[in-house]
Structures are given as C-alpha cells and as structure tokens.
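Here the structure is laid out as structure tokens; the discussion comes afterwards.
So that you can tell them apart, the chains are marked A, B, C, D, E and F in the order they are listed, and the count of residues begins at 1 in each.
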Amino acid sequence: MTKQIFLDQLDAHSLRERLANEKLTLIIPVGSLEQHGPHLPLGTDAILSTKIAEGVARELGALVAPAFAYGYKSQQKSGGGNHLIGTSSLSAATVIAQTKDLVTSYLKQGFEHIIFLNGHYENYQFLYEGIDLAMESLSREQLGDRFGLLLSYWDYVGEETLAQVYPQGFPGWDIEHGGVLETALMLHLSPNSVDMSRAPVGPAAVLPKFDRLPVVAARTPRSGCLSAPDGASAEKGKLLYDDVVSAISSDLAFELHEAVAL
Amino acid sequence: MTKQIFLDQLDAHSLRERLANEKLTLIIPVGSLEQHGPHLPLGTDAILSTKIAEGVARELGALVAPAFAYGYKSQQKSGGGNHLIGTSSLSAATVIAQTKDLVTSYLKQGFEHIIFLNGHYENYQFLYEGIDLAMESLSREQLGDRFGLLLSYWDYVGEETLAQVYPQGFPGWDIEHGGVLETALMLHLSPNSVDMSRAPVGPAAVLPKFDRLPVVAARTPRSGCLSAPDGASAEKGKLLYDDVVSAISSDLAFELHEAVAL
Amino acid sequence: MTKQIFLDQLDAHSLRERLANEKLTLIIPVGSLEQHGPHLPLGTDAILSTKIAEGVARELGALVAPAFAYGYKSQQKSGGGNHLIGTSSLSAATVIAQTKDLVTSYLKQGFEHIIFLNGHYENYQFLYEGIDLAMESLSREQLGDRFGLLLSYWDYVGEETLAQVYPQGFPGWDIEHGGVLETALMLHLSPNSVDMSRAPVGPAAVLPKFDRLPVVAARTPRSGCLSAPDGASAEKGKLLYDDVVSAISSDLAFELHEAVAL
Amino acid sequence: MTKQIFLDQLDAHSLRERLANEKLTLIIPVGSLEQHGPHLPLGTDAILSTKIAEGVARELGALVAPAFAYGYKSQQKSGGGNHLIGTSSLSAATVIAQTKDLVTSYLKQGFEHIIFLNGHYENYQFLYEGIDLAMESLSREQLGDRFGLLLSYWDYVGEETLAQVYPQGFPGWDIEHGGVLETALMLHLSPNSVDMSRAPVGPAAVLPKFDRLPVVAARTPRSGCLSAPDGASAEKGKLLYDDVVSAISSDLAFELHEAVAL
Amino acid sequence: MTKQIFLDQLDAHSLRERLANEKLTLIIPVGSLEQHGPHLPLGTDAILSTKIAEGVARELGALVAPAFAYGYKSQQKSGGGNHLIGTSSLSAATVIAQTKDLVTSYLKQGFEHIIFLNGHYENYQFLYEGIDLAMESLSREQLGDRFGLLLSYWDYVGEETLAQVYPQGFPGWDIEHGGVLETALMLHLSPNSVDMSRAPVGPAAVLPKFDRLPVVAARTPRSGCLSAPDGASAEKGKLLYDDVVSAISSDLAFELHEAVAL
Amino acid sequence: MTKQIFLDQLDAHSLRERLANEKLTLIIPVGSLEQHGPHLPLGTDAILSTKIAEGVARELGALVAPAFAYGYKSQQKSGGGNHLIGTSSLSAATVIAQTKDLVTSYLKQGFEHIIFLNGHYENYQFLYEGIDLAMESLSREQLGDRFGLLLSYWDYVGEETLAQVYPQGFPGWDIEHGGVLETALMLHLSPNSVDMSRAPVGPAAVLPKFDRLPVVAARTPRSGCLSAPDGASAEKGKLLYDDVVSAISSDLAFELHEAVAL
C-alpha cells in the first residue's frame, strides 16, 4: 500500500508516528488565482505546483501540504496585471504573514525541511521574506540543522527539454503566462480543465523594461496571455513534467541528505 | 451541461461573461489544517465546508472559491488545542488580512455577494473583522447594495435532525470536535478519508469555562477528539448534509434576493 | 485595614513588596463603550466587569487592574451593531496589541497569573490572541508556571440562578444585550446609572444565523436592546452577582492553587 | 439638574439627542499606569488628566470620555524608566492604533471636536500620529470643519502660579515626575490616594541629555521620583488646578468657537 | 546657470515655483548598504543608482530625490547573503512602508511622475508593492494621469555594450555582484572609492537554483563577490554609464510625454 | 592617512578588520526632507546632523552610517506643518521599523554602540521606540554591554554660546525652524546651499500650546520659517558647530568608556 502523500488526507496520529520515526520533508505548493487566458482555468498555478510537488514528494518520500490557492498580485510583465477580472490576489504583507506562520507552525511540529514549490512568479520574494522571518524567530537551538527552501519550478526545465518544447527557439520566461509551457503542462496534468478551442493566437506581448502603476491596460493582450500556446500538447507537457520533477527531485535529494556535510 | 461551480476550474473569459450577465454570489469555504483524532484527516474542516459550499452553490447558482485550507489557532475548548502535532495554524492578523484582501479583490471584480462558509469554529471573529475592514475600505458608492456574509454551517443543523443524529440527547456543540457530527459528515462526503477502525471511544472531554494559556495539555483527551463518534454513520452524515445545505440555501436565497426590500 | 484592591490606587513601592512576598494574581476587567439602550449607560460592560472583578479579587486576594474601557466592535447579533451612535470601538488589531503588551508587561513585573474577566462578548477571541502572542514571546524559562486566563462572566451564571432570574424560561444569551441580566446587575451594582423609566418594552430581536456586513440596520430594535429588561430588579442583580462572583472565585481558586499538580 | 459629563455614564439615547442639537466637544484624558514613587498611586496620570478634563468640560459644556488608563513606555528622563516595577506600558503601535480607532469612531458618530488631554509626557507624539492617521483616513467632505486637538496640561501652568508653587525657583519640567506639581495636584484632587509620610526626600535626579537603552538603572533615584515633592500641599494643588483648568478652558473656548474665522 | 537637480539641495519656495509651472518628474535612486567585496564600498548600490539618476534627470529635466541608502536583505544568489558583515538591511515591511509613504507624500505635493531607479536587485518586488499600495490609497480623481514607475538600471544595458564589456561572453546577471559591471561603473563614477589592488580573483560562484534559509555560508565566495571584476575599467564603466543613461532617458521620455495617448 | 569615517565609503573587509579589533561606535545621523523657508535647502536637517556626526566621529574614532534622509511628519509647532509643499515625510510606523531593523542589523554585525544623532525634532520619540524594540528583540546574552543611544544636537548648545548667538536673548527652541541656529550652521557647513538674499524677515511665529489637526495653515508664516534668521552668520555657525561637536564628544566619550563602571 502506498503511503499517503497529501497532508490534509493524513490523520494526526499517523503523522505523529511518521514524525517520530523519520526526518520528514514537507512540500508546500504555491499558486495563485489568476486569469490565464480563455483556455486555462484560474487555478492553473496551484494545480501545476501541486502536481509537481506530488511527483517530487513521491521521489523523496515527502509530504505535500495544502497549496496556497491565492498568491501575490499579478504583475503586468509576468501575469498580465492585477486589474484583470479573474485575478484575485493577496497583498505582500498577507503572503509574508501566511508563510511565516506556517513555516513556524510546521517546524514546531517537527518537520525537518519545509520546501516551497512556487508556481506563480510574483510570489517569490514574499515567500522568501516569510521564511526568513520564521527563521529569525527561532533560536539556533530550536532550529538545529533544519531549514526552509524555496524554488520556482520553471527554473528546473532543462536546455534539452526547452529545445524540444520550443522547436523555433525559446522566447524567454517573461512572456510565459498562459503560453506553451503552462498549457502543455495542464494538457498533461489536468486535461479536463483546458479548452484548446479557446486558445488565443497572435504574437507575444511586447512589454516595457519597467513596471508602471497604475498599469496601461492596453499593453496586455486582450486574451490575458502574454504569448500564444502554439504547439502546446500533452506530450510536451509530459516531457516538461518528467524533466522538472526529476530535476527538482535529484537536486533536493542531494540537498536534504548531504546537508550535514556542508 | 452543468455550469462550472468551482472558481479555480473556470477560465477568466467565462467568468467575465457571467459577471457581466448575472449578479453573482461567491462562496468561500473556510477550514483549517487541524488534528481531528486518529480516524479523521487533518483537512476535515476544509473538506466539509467545501462540500457544503458546493451543495449550496448548486442551489443558488453561485460559485465556490478555493477554500482557506489553513485557519486560526485551534483552541482547547473547541479543537483540542494548538499545541497538538498535526495542527498548523495562522495567527489572527494573517486570517484577518487574507480575508480583507480577498473580499476587496472579489468585490472589485464585480461579485455581488461574498459568503464565507465557516467550518472551523475558531475562525469566526477573525473572518468577521476581515470582512468589516474590507467594507470600511470601500466608499458607499463603490459598495452599493453589495455585501459580505458569514456563517458557520453547524448553526444550520435543525432540531429534528439533531434528535435523529443524537438519539440519546445532543451533548452540545462545544465538545463536537472529531465527534459524531464531523465523523458522520465525512463518512457521507469523503468516506475514503475516514478510518472508523481507529475511532476513539470513551467519555467526552470535560473542559473548564475559561481558556488558560499555555494550555494544560492533559485536559485534552489523548485521541485529540473532544467526544467519541459513537454511532456516526454515512446515513446520519447524509441527513446532516442535506439538512444543512437546504437550510443554508433557503436562508441565503431569501437574503440575497429580498435584500433590496430591507 | 483592608488591602488595596485596585492597582491604580496602589503605589509602586507597596506593589513591589507584595510581589516579593506573594504569588500575585491580577484581574483585568474588559468592557466596551457601547450603546445599551435608553436606560443603561454606555460604560455598562466595563462597570459590570470591574465590579465582578472586585468581588473575585476580594475572595482570592488578587489585584484588579484598570479596566479596558473600550472593546472590539459591537456586532449586531450580540450588541446591536457597530453603526449605532454611542458605540465607540477598537479594531481587532488594537485589542490584540493592547492585550499582548499588557500581559507581557505584567508578567515581566512578576505577576503570577493574569486573568482577563470579559464583560463584552465580542472581545473574547481578540483577547485570546493577545494572550497567546504574549505567551509565545516569552521563553519557557521566562514563563515558568505562570499563565494567563480568560473568561466571560455570564458563563458562570448557574442553572438555578437562571431559573430564578428568568421565571418564564431563559431566552438564551444571544439576545442578552441591555436585557434582564445586564439591567439587573446594574440595578444592584450601579443603581444611579440606570433609569428604569426609560427601559424599552416589546419582544426580543429576531436575528439571522449569519452576520451580514454592512448590517441591515432595521434588524436591530430601535431601543438598541436585543431584549427588554422585563422584571429586572436589584434583587435579581444581587442574586446574579453573588452567584457569579462565587462561581468564578471557586473555579479560579482551584485553578490557581492546584495548578502545579496538573 | 446638571448635565452628565462622563460619557460612560450617559445612555446612548441621551447622547444622540445632544449630538443632534449641539456641536459637541469630547475630551479624552490620557494617562498611564506608572510608578510615581512611594507616596503616589500608579494611576496618578489618569487621575489627574481626568480631573482636569472634568473641570474643563464643565466650563465648555463638553463631555469626558473614558481615560486611556495605560500609556506609552515610561522614559528614564521623564518618568524614571520602563524597567521599574509598577509601570505597565503600551508600545507605540498600540497607542497609535487606539488613538486612531477612537478618533475615527467618535468623529463618525458626530462629535465636532476630539480633544486629547495628556497627563503622561511620553504619550504625546504617539497620540499625535494616531490623530493624524485618523484625519488622513477621512475625506475632506467627511471631515468638514471638525478637528482633533492635543495638549499636555502642564503647558498651561502660568508663570505666576509657578512662582507661587516653587518659591525657590522652578527647577524645570523634566524632573517633575512624582515631584511637587503632581503631588500637590493629587493632594487637592485625590487626597486619599496620597501618603505624604512616604514622600521621598533628597536632591533631584541628574540625568544625561541623551536617552540610553537599555537604561542604566542606577540613574533613577531609588524612590522612582525625579525630584522630591518638598512643599507640595493641597493648597498649591488647588492653585495649580484652578489655573490649568481656567487656562485650558479659555484657550479651547476661543479655538472651538472662533475656529470658523481662521 | 544650471537648474538644481538634487531635491535636498533645493529650497521649498523654488520647488513650489517649479511644481506650479511644470509637470515635474522625480527620480528616487534606491540602493543598499551591502558588502561588495574587498575592493568596493558598502554604499555601491546607492552611489551607482544616484549617479545614473542624475544623468537621467539631466536629460529629462527631472529632479533626483535623496536615495534610499538602505535596502532589502541581501540574498545569497544575488548579493552573497544577509549574514555577511557589512550588510545592513531592512525587512520587507519597512521597504514597502517607506516606499508607500514617499510616493503618497510626493504625489500629494504635486509631482507628476515618481520613478524608482533601483540599484539593488532584492528591492524590486518590495518597491513595487509600496508603489501599488500608494496608488490604491488615492482615488482616481486624486491620481488623474499621474503614475509611478519602477526599473532596475541593468535591464537597460544594451547587447552591444554587453559584448564590449564582456568580450569573452556575458556570464549572466545573477553572478554580477561586485563583478565587472559594478566595478567598472564605480571606476568611472566614484574612482576614489575603489581599490583595484584588493579586487578578488578566481572563478564565479556556483549557486543552486533554490534559496535555502538559513544560508549555507560556504556557498558564497570568501570575497563576498559572486564573480571577479576581471577586466573592469573606467572606460568600460563610462560605456556602461552612457549606454544606460541614454537608454533609460529615451525610454522614459517616450513614456512620460506620450503617456496621454496610451 | 586618516581612517575612513563614512561607513558607505568603507569596504566590507576593512570593516570586518576594524570590528574584530575595536569596540566600534556607529553614529547614525537622522534628518528629514522638509521645507526650511526660501533660503535653506530641503535637506537641511540631514546635512547638519551628518556634519555634526562627522565631527563627533572624528573625536571618538567612530564611524558614520548613511543618514536617514527622510523623517517623521513635520509638525506645525516645530517645523511649520506637514501640509507644506517641499516636506516629504514618513509615518511613525515607518520610522520605527527602519530604526528597529537597523539597530538590530548593526548590533548583529558586532558594533558596540549605535548612536542616533537627531537633527529633526519630530523624529525623537519614534527613534526611541525603534531602538527599544530592537533591544527587546535581543536576549541579554546577545546584547551584553552593548547599547543604543539617542540625542538631539541642539540640546548640546551651551549657555554661553547661546548668549553669543542670540545677543538679544534666546527666544526658545520651539520657534527655531529655519531661524538663526539652522541658518548659521548651514552658512558654516554648507554655504553653497544657502541663499541669504532670500532669507525671510519679520516677527517669529506665535503658535498655540496645543496641536490641532488638520492644522490651521494660516498659523505658519508664509516663509515656512518659524523665526527669521536675523544675524545668522558663518561665524556664529562655526561657534555653534564647535560647541556642539565638542559637547557631544565629551559627553559620549565618558558614556562609552566609563559605561562598564555604571
């Protein structure tokens, strides 16, 4: 029988048994509720980060905590902008507080490593601050060798995979919102939530080097996607998923188990 | 074809169409990640509030937002206490901030009513404050007739149902943590997450009239449940579920549609 | 000569002497400045909690700190609503911060037990959070056996007393705002502040199971009282007062002195 | 019959009547719970500011709100220091939040002027910030001609009075903590709380021009008073009280009634 | 005579005259106080952003506000880490609050555009949040066409310049801390603060794809630089400076003056 | 060769060497960006506090940190008021947070004493709170003998100097904003930033004993100065500067080096 991977499906007594017998790693998927164009659901970021976390947890023998279903404000250059209907966001202070509270709460219960697996670009720095504040609030004795870790899954897509997914050349992560990567992953991992008949077409958004607030709404394509998901397929999604899960897993396996030696 | 009920499964363009054509009501289920004894999963409160929200949304033509998977600290007299392993909590400031951010965000997008359906007793006052702060931050013109609404689902269990569920007399809500009500509902709504073979037995907890901090751990039964789920069954769960969904739905239907007349 | 019971009337040198020689318990009465109908003064909650604290302190040899004269927002279902003129409230963050600051401050000075005696329903959860944050900010060594404790006085009214005070049956605490209990207690404890000739009459308020914000003002009776103080008398007030003081005192006496054994 | 001056003794219906018919001024006395040597009670600052507020309110036809019984941290150069047992303080954020909440709450109810009458030096800047934040949170239309006002009562002691109270020359306000001024006022206004047989003697404290944290405890005299109350008497207290009440009253009368012309 | 460019050197009356007659743009340089290896001063980021702001302001007729001399925590992957002596940082909440306060303050005075010119990677998201909160706090009428804008100067280094500065290929921005770019710019703009005889040598840091907290100190090179400034020269600094100033200026000139048309 | 005095001009490796070999004192000058009339620049307070800090640091072998260029809101009675164009302010929470962050950050790096040298009256209490919060966040072991210190430079002007600078009698510090003291110091320390041909004339402002919010703008002289700088000269500036630097230096030298004995 396989062990339960999702923390919210586990009962407290079983968890206590595991914590007493293992150095347990917990992965917290972080998403958003954000417009992702006409063909992808609002929950795309949480769906993807949860699925990837699940894959990694299986490799590492880790648990997966309930995802953060809401994230920091969508920024125009990475997510189209926070003014778009369908996007429901938290302020920085809230993301930071939530992160700090949970890192502290999980560490106190005895988890050894808390890993935030981010699926919404804009969250990163606020998750970082939350983890850092949690660490500062613990004494060295309380903390021991335990640590927090933060990553965004797209940083683990390999060169080779990129070449296969984007045969005409990788256009850069900055316009990857509702584009090939997310669409392909969703086609592989949550096909019923995707409607390719509604997928937008047309050129990628051209956005300035700066952020301007309030945003000039006209700079975001009407679809809300920063690039079209041309050529996205479930096969490419599988390729991306397997690559990312494997890369994160091996990176973390090293970090978690060789940590003492550093 | 049935309309999509879960907001995170909806795409932004479809949402915009609905918001443009209807006065949309949004239900936010609120749970916790909290120990619920050896037989129920940590996610019980979110699972139950989400399922109930789904039932109500179906009646009302409303949407269901992603649940709050984490809640305010477990208190000894209602949840066994926050010191118990398996319980992962947010502080008051975080729950308030999260609530305020989302009420504001959803109202700005055009939702007409935001309903918090609470499944974790301890959350109530902090959700209330978050809604109130959001309302204060909007001008009367911005707000118009729109409103927020907050309820705890157990307040809708009818007398008759109570009598059927607790044939030997209802012992009171205060010791209902991991007891008959939650167990029966879970047996009906999420049977695979329940392991009745591990259900605790023995008398209900006897707790003081006050809250003491730090808690005296010995006051919470070793199981973590404040009463045993004796006699809980899927049938009773269905009875409870149908009763609660129907009572909330008719209460809200009146409130949402006759609101103007008040 | 009787010892001084009110902390603000004590001088610092006498306090130091007591702290050096006794395990001192401090009771902080918590009230509000809230409309209580046409016959009771705005300060009713602070007046009552202070008087009850005084009675308890006399039994326990404890001190009474200056009351919190302002409380959390009045909620419609327990106090008529925060929109009513005469009601002056603090936000949740303020109540929490004030509570945390004072618990920390008093514990650092050497008090052994800090007891919040609440007289305004809405305060409870915010006082709880404040006490909890204070406890978290102290190390186990700093804290030792010392603790904080929180109670609402009406939880100590006995069955028998209830039967005498409400000969036609107790209608429930939820509509007890400006009603029989508070009016009777005020007639006993602060008769000059009550004007029974202005007492409202008529049926109790019928309020929904949910909280709606902004409130529907028409749901609160014009008097501001959720039920009429029919039959309230100084005699019933004395009965209530003596019952509550005695019940709290004996409950606390046990808790404070047997605490070590738990 | 005299009108009720203390807001907490007034009922909501009477308050509404007054607010509907007058431009009402509200005075909030601000104190502290702070050691004041062996001869004065911990509540000295709140007692004095309340009594002075009462005198001024009588002159102006104003109301007096419940005092702030707790204040900002005692600073060594003005109050001996926050490390002294008997001193129970709020942090800056708490004082600011409390002030902001109440100014907003009172203005929304319809008070025309909110006057903070300060009796604890250290509070001043935090009260100022709280009032300012409240003003910023209101639009110009909401505010109209209404305003907040902040003063410390000792700034109203006249030259002539000073000469009479300190026949050997006024030593400066900085060492007036538990000294002649406060002791004399207390002897006049609350004689039963003063025990002159315990009054400290000896030279005034000599304190540096800077603040050092943590404080060097030895710099505060053992009594906790920064100067001895030599020559303090109820007569001098009456002189001071009458002078201050009259000076504040006439200053405010002009400000409140000629405000429009400015 | 040239107009004064630095706001802190301008007097208030001259500023008012300019604000009354022009649509004034204000540039706020944002730096940090952070270790930059043995050869660059701690103030490098503020020095560079101020100099670049000065160049841009000259082109645009803008003013330069006092720089933020302190920034968000140094992160290992971009600045070596916050644990290093010489690095003095602000928390996220502080950077956000400071930014919000100043954007609000400057907009209220009548500035038309507030531009944050960032010189410390880690600041970006917190500045963004601060600007956004300021915008949210203003009504549409108060804001009109005015806006805030945020950029990091290195995003404006052109391809051609990169090729000249890094003849052996550009190694990526992530290891550019105390490396060729910053060193060259400092040699051009503040040569007396650089000591090339102390410049570190050796290979660039190899850092993981994730952030781990607490950091593994050994991952940061002993110098504190993430890459060596091999080949940095004042000439390259001038090239970089001229390129960046010109690119930002022309980008902003378009944005500021064509803004209405968008 | 003279040692580098300004921290932002020092490199991290040199700083580490000094911290390893000396008990280092750090002085943080605190200013504001505030209107100072038509003849003085907006940055006056930061310019003066930095120059004085530099002089003191030279005497003590201390370092000078980057100044706080922005301060708390200008108050009418000390700076003319925060409504005046040219004044850009931080709220109390921001000044407190910034101060706390930096005291903590500097102490963790190994500085022995952190001295805030204030040049803007309104900052004082908020700096105090920030230092105090930093101290509270450290354990006694972490803190050891180290401390923070806070002073305003004008408290160090001696009687004799006052008599020379104000031959017709010193009018009091309260109206010294843009007046003789600041103008004279600026003429000595930063003559190019002063334009005496624009200096205001006329009588000093007459301001009430209270603070009123919103301010009555007409109470501040049109110049923005609370008194005219009649007779201010570079010579008087030198006299003031030398006096203040010498007085602070000797006061601090005693405090820093005899601290252990206290």
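Assume a contact is a pair of C-beta atoms (placed from the backbone, for glycine too) under 8 Å apart; a residue touches a chain by one contact, two chains touch by 3 or more.
Just so we're on the same page, UniProt names per chain: A, B, C, D, E, F = Creatinine amidohydrolase.
If you're wondering where the values come from, they're calculated on a predicted model, not measured in any experiment.
**Q** On the document's contact criterion, could you list the chains that touch subunit E and likewise touch subunit F?
**A** The shared contacts of subunit E and subunit F amount to nothing, since no chain touches both.
**Q** Going by the average position of its CA atoms, which chain sits the greatest distance from subunit E?
**A** Farthest chain from subunit E, going by C-alpha centroids: C.
**Q** Name the chain pair with more contacting C-beta pairs, choosing from A-E and C-D.
**A** Between A-E and C-D, the larger count of C-beta pairs in contact belongs to C-D.
**Q** Find the pair in D-F, A-B or B-C that has over half of its contact pairs, by residue number, in common with E-F.
**A** A-B
**Q** Can we say the copies subunit D and subunit F touch using the same residue numbers, with more than half in common, or are the two sides different?
**A** same
**Q** How many angstrom lie between the CA centroids of subunit C and subunit D, rounded to a whole number?
**A** Result: the chain centres lie 27 Å from each other.
**Q** Could you state the distance in Å from the CA-based centre of subunit A to that of subunit C?
**A** 47
**Q** Scan subunit B for residues touching two or more other chains and write them down.
**A** 91, 93 - these are the residues of subunit B that touch more than one other chain.
**Q** If we trace the ring from subunit A over to subunit B and keep going, which chains do we hit, in order?
**A** A, B, C, D, F, E
**Q** Residue numbers of subunit A touching subunit B in their complex, please.
**A** Residues of subunit A touching subunit B: 6-16, 19, 33, 35-43, 46-47, 65-67, 69-70, 84-91, 93-94, 97-98, 101-102, 105-106, 109-110, 193, 195, 198, 224.
**Q** So in the complex, which bits of subunit E are touching subunit A?
**A** By the definition above, subunit E touches subunit A via 72-73, 75, 82, 91-93, 96, 122, 124-126, 128-129, 131-133, 135, 143, 147-151, 155-156, 208-214, 216, 218-219, 251, 255, 262.
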